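Letters A, B and C mark the chains in the order given here, with residues in each chain numbered from 1 onward.
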Amino acid sequence: MVMHYKPTSQETPSDSELKNSSHQALFFKAQSSDALLDETLQEALKKAKGGFIEKRSQAIADVESFDSYKQQAQLVKNHTLDHLAYYLTQFEENVVKNGGHVHWASTPEQLNNIILHICERRDAKFVTKGKSMISEEANLNEALEAAGIDVTETDLGEYIIQLAKEPPSHIIVPAIHKTRQQVEALFRETHDLGERDLDKISALVDEARLQLRQKFLDADVGITGANMLIADTGSAMLVTNEGNGDLTATLPKVHIVTASIEKVIPDLESASAILRVLARSATGQPITSYTSLFSGPRDIEDLDGPDEFHVILLDNQRSQMLGSPFEEMLKCIKCGACLNHCPVYSAVGGHAYGWVYPGPMGSVLTPLMTGLKQSSDLPNASTFCGRCEEVCPMGIPLPELLRQLRNREHEEHLTPWKTRFSLQSFMWTIQHPRLFHWLTKMTRLILSNSTLTHFFEKHLFTSWYNSKELPKNHSKGTFMEQYKQNSKQKKK
Amino acid sequence: MASVPNTLQSTTPKVALFVTCLVNQFRPNAAFAAISLLEHAGCDVIVPEAQTCCGQPGYNNGLRNAAKETAKSTIKLLEHYDYVVLPSGSCTGMLSKHYPTLLSDDKAWKKRADNLSNKTWELCQFLVECLDAELPPHSGLEGKTISYQDSCSCKRELKNTSAPRQLINQLCIGSNVVELNDTESCCGFGGTFSVKYPDISKRLVSEKSQDIRSTGADVLVSADLGCLMNIAGYTSRTATSPIEIRHIAEILANKRDVPSMATCSLAGSGVSGSDVSDNGASGSKKW
Amino acid sequence: MSINLNRFNRVNRKKIFNRIERTQKAAIPQAPKRPPLLHPQLDISALTDIFLSKFSASSSTFQSIDCLSLVPQLVLQYAEKHSANKTLVTNLHSILTLDETPLDWPETLSLSPPPATGNEAIGLSYATTAIAETGSLVLTSSEKNPTTVNFLTDHHIIILNEQDIVPNIESMWERLSLSAGNMPRAVNIITGPSRTADIEQTIQLGAHGPRSLHLLLLTQR
């Protein structure tokens, strides 16, 4: 069963728009309202809430100066983005020097084509995958399955959502929206379990380990993502806790790394700076269980490892962000801290956002990668509380980027006309103080009349009034009315 | 360019109060309280009558050019005073942080925006950091439990968390100050967010309101009217026992004769602030 | 589907670089100068203590040894405590120098040569270096130290020479002295056993890789 959103309170887009995998982002508002009513989802979100926040804050309290760690990591990224062409070239040269291959994909479709080409050439039947957000961008699993290839996600969270035929709802914890009971039900449905007890989480983890172990051993091609690409050594760095990425990269004959172009950094010293902030921001660990550096196919003497090593570099609009007001977004290291600390994400979960990247970072990336028109709700889905920017290890000004997208929406006339009209009128009025103060007086008079107030509550301010009382002015007038009167009296 | 007024000439600084559009419309008492606090601290308070709104609704909703015009007229109106003080974190942030960004591509205006930014203060921060002010005498809070909600703009944009607490502690002889369990979370107001996404906003404010309840606070104050309207609006709808919700200036200035922002519709009629102490969730209750 | 991959790559590469180079100078020949970075400084005199405390914090265990000949007995003890299956995969003998006495493996342990196949319960390898800052062991892949041993076994035992502990991540890279064209296929920085918190954010050890990690620290006496 494929997850399907039924928009309840918005018009449906045309069929051509539906073909775009990002179309679900169009329904954020309806999806978020549904999510709030989904009791199982809310139960899962409640369990997740707080844990990440607490662990992260402990992890950064444990080091002398996390701010200085952040500065170093930001220095690295700023410098690299200023010289991206150089470092990409250097990375490519060095991968080749190590005996690997580099491929370039402008679009997600091209990335899929390259992978299919490699799989076809090696006659691959079974593919294992480590978690890769890039492959989610490309919807790679669907492309592989269409080509008759058996593909298995090996990260436990990814495996669970693959069984459920759902997209990830978090960039580092893809199945955060599932309760253990749901996972158990999925395993019972898809695995041959008999009467075995799966009550405990440990039993579920063991079951997945058992199932996936054989997949690792059988795979012809292993596909992983990369947290960083090291230009100086021509290596892909992978950060995981489960070890699934390492098994995926080690056991099959072919290892394919999928990464986006902004993942490149100058050297291993730079990688150290980013490692220091990555796991602390993501899971609250000083470092994850496994940090691995892959640099090509096996050597002649090696007893294990793939005999082919490929890196596919995906652009997908990133080169367009460079030099634009959204360049800062390319500093994102996908730690997920902004999701974990976002009040909106915590309330509605990741699926409401409708595409692979949820939360604040997703609300910036989705419009840039899939079109603002298809995701015009997302930049507005923020209270601008600023917590995302505060916890972002790369100091990305997420609220400001969302604000920039709102500017674009206004410029491109993507906002509903009612909103547009009211905001424009308001902004015009506040440029005319006399009119403004006359109107505030009128508003005050209207709101002091209970019949009129009632009309306003029912017809104009419904979305507020549905859950909250309208504010009341308990005084004799607006502040300005009273102040002016007081001043007059004083003069007398 | 006008010369900067020489503050050394007189010991009483000329302070322009920018009351903000929400206070003007819905909570004049907060502005009167602010005036009284500033005057008590020895300021010459002026309320420029041509003030309207700082332009935040347009700025945050993509009307950048309109916001620029608002910024310019606000700068013109306020730049000649020694200080500009606002009873709101988010509007202070607009003037002091966002005007300079908004006008950054125009050198002359950027300079004027920076100049204004340097003398713009949120009320509590101004009282504590700039004036080291004494509070006027107060009464009526004895035995009450008071809690403070950090607005996100005060907390993150202005890094202003200690000044309001310091002030509350000053007046709390004989009363109890409690922190919310979660002082980091947004109340779900977010300006136009609260009307664009009412369901999410409701969820967030319901969590905030539960937190407030769980502290057993009789009085909740904050330095931003938006958050207060949001919390009070929700509390009025759902509360079974009343809670006194006010702008922080009102309790600091001992101006509690205007009713609480939250009514208690479920318990019957609107209950005024001064009535609360007798039948409210008492501060002596252990939670 | 068949594409001419070389041509495909050339065309795409050019397009991507054109877009990047709109905003910055074309791939300049000389290397840009990366700004200098600060490294956290550690108390060098307490490296081993710092390392062991961080290492233990990652749900790992350790024993100190002063001689490699103790290894077989300790491995057996560990196996008896943790595993019904007494199969061991290792290439340890290959790192012993000629003047060292060959290891005397007890018969109860069934030894198999690498690579690991997934049937062996215990893997024994050695760390090239270790990082005090993070409590991590660093293993470089080679014929002597194959990567599968690190990930396919249920219990992973690693030998580390105390002298190989370095202060921070940067000094670890320096110690490995890696350069393109000369890279080990894999470098594994290992900090604790395999773990997952993917179900209800509850940490479980042994997701796909080893369920436990044990260190034999070879000290200089």
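Keep in mind that, in the parts below, a residue touches a chain if its C-beta (ideal position, glycine included) is under 8 Å from a C-beta of that chain, and two chains touch if they have at least 3 such contacts.
Given the structure is predicted, the values throughout are model-derived calculations rather than measurements.
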Both-way neighbours, i.e. chains that touch chain B and touch chain A: none
Centre-most chain, if every chain is reduced to its averaged C-alpha atoms: A
Centroid comparison with chain A (C-alpha atoms), farthest chain: B
Chain A and chain B: spacing of chain centres that average the CA atoms, whole Å: 33
Cα-centroid distance, chain A relative to chain C, in whole angstrom: 30
Centre distance in Å when chain B and chain C are each reduced to the mean of their C-alpha atoms: 55
Set of chain A residues in contact with two or more other chains: none
Contacts with two or more other chains, residues of chain B listed in rising order: none
Residue ranges of chain A touching chain C (in the complex, touch as defined): 44, 47-48, 51-52, 63-64, 68-69, 72, 75-76, 79, 82-86, 88-90, 93-94, 97-98, 102-106, 110, 113-114, 116-117, 120, 147, 154-157, 160, 173-176, 178-180, 183, 201-202, 204-206, 208-209, 212-213, 216-217, 232-235, 241-244, 246-247, 249-251, 261, 266-273, 275-276, 283, 286-299, 301-305, 313, 315, 319-320, 322-323
For the chain C and chain A complex, residues of the former touching the latter: 1-3, 5, 8-9, 12-13, 15-17, 19-28, 31-32, 34-35, 37-40, 54, 58, 91, 114-118, 134-136, 141-143, 146-148, 150-152, 168-170, 173, 178-181, 183-202, 204, 206-210
Of chain A, residues touching chain B in the complex: 29, 32-33, 36, 53, 341, 343-344, 347-348, 380-387, 389-390, 403, 406-411, 415, 419, 423-424, 426-431, 433, 436-437, 440, 443-444, 461, 463-464, 466-475, 477-480, 482-484
Chain B residues touching chain A - in the complex, by the definition given at the top: 19, 21, 23-29, 31-32, 47, 49-53, 55, 57-64, 66-67, 69-70, 73, 152-153, 156-157, 184-186, 188-205, 229-230, 232-234, 236-237, 258-259, 261, 263, 265
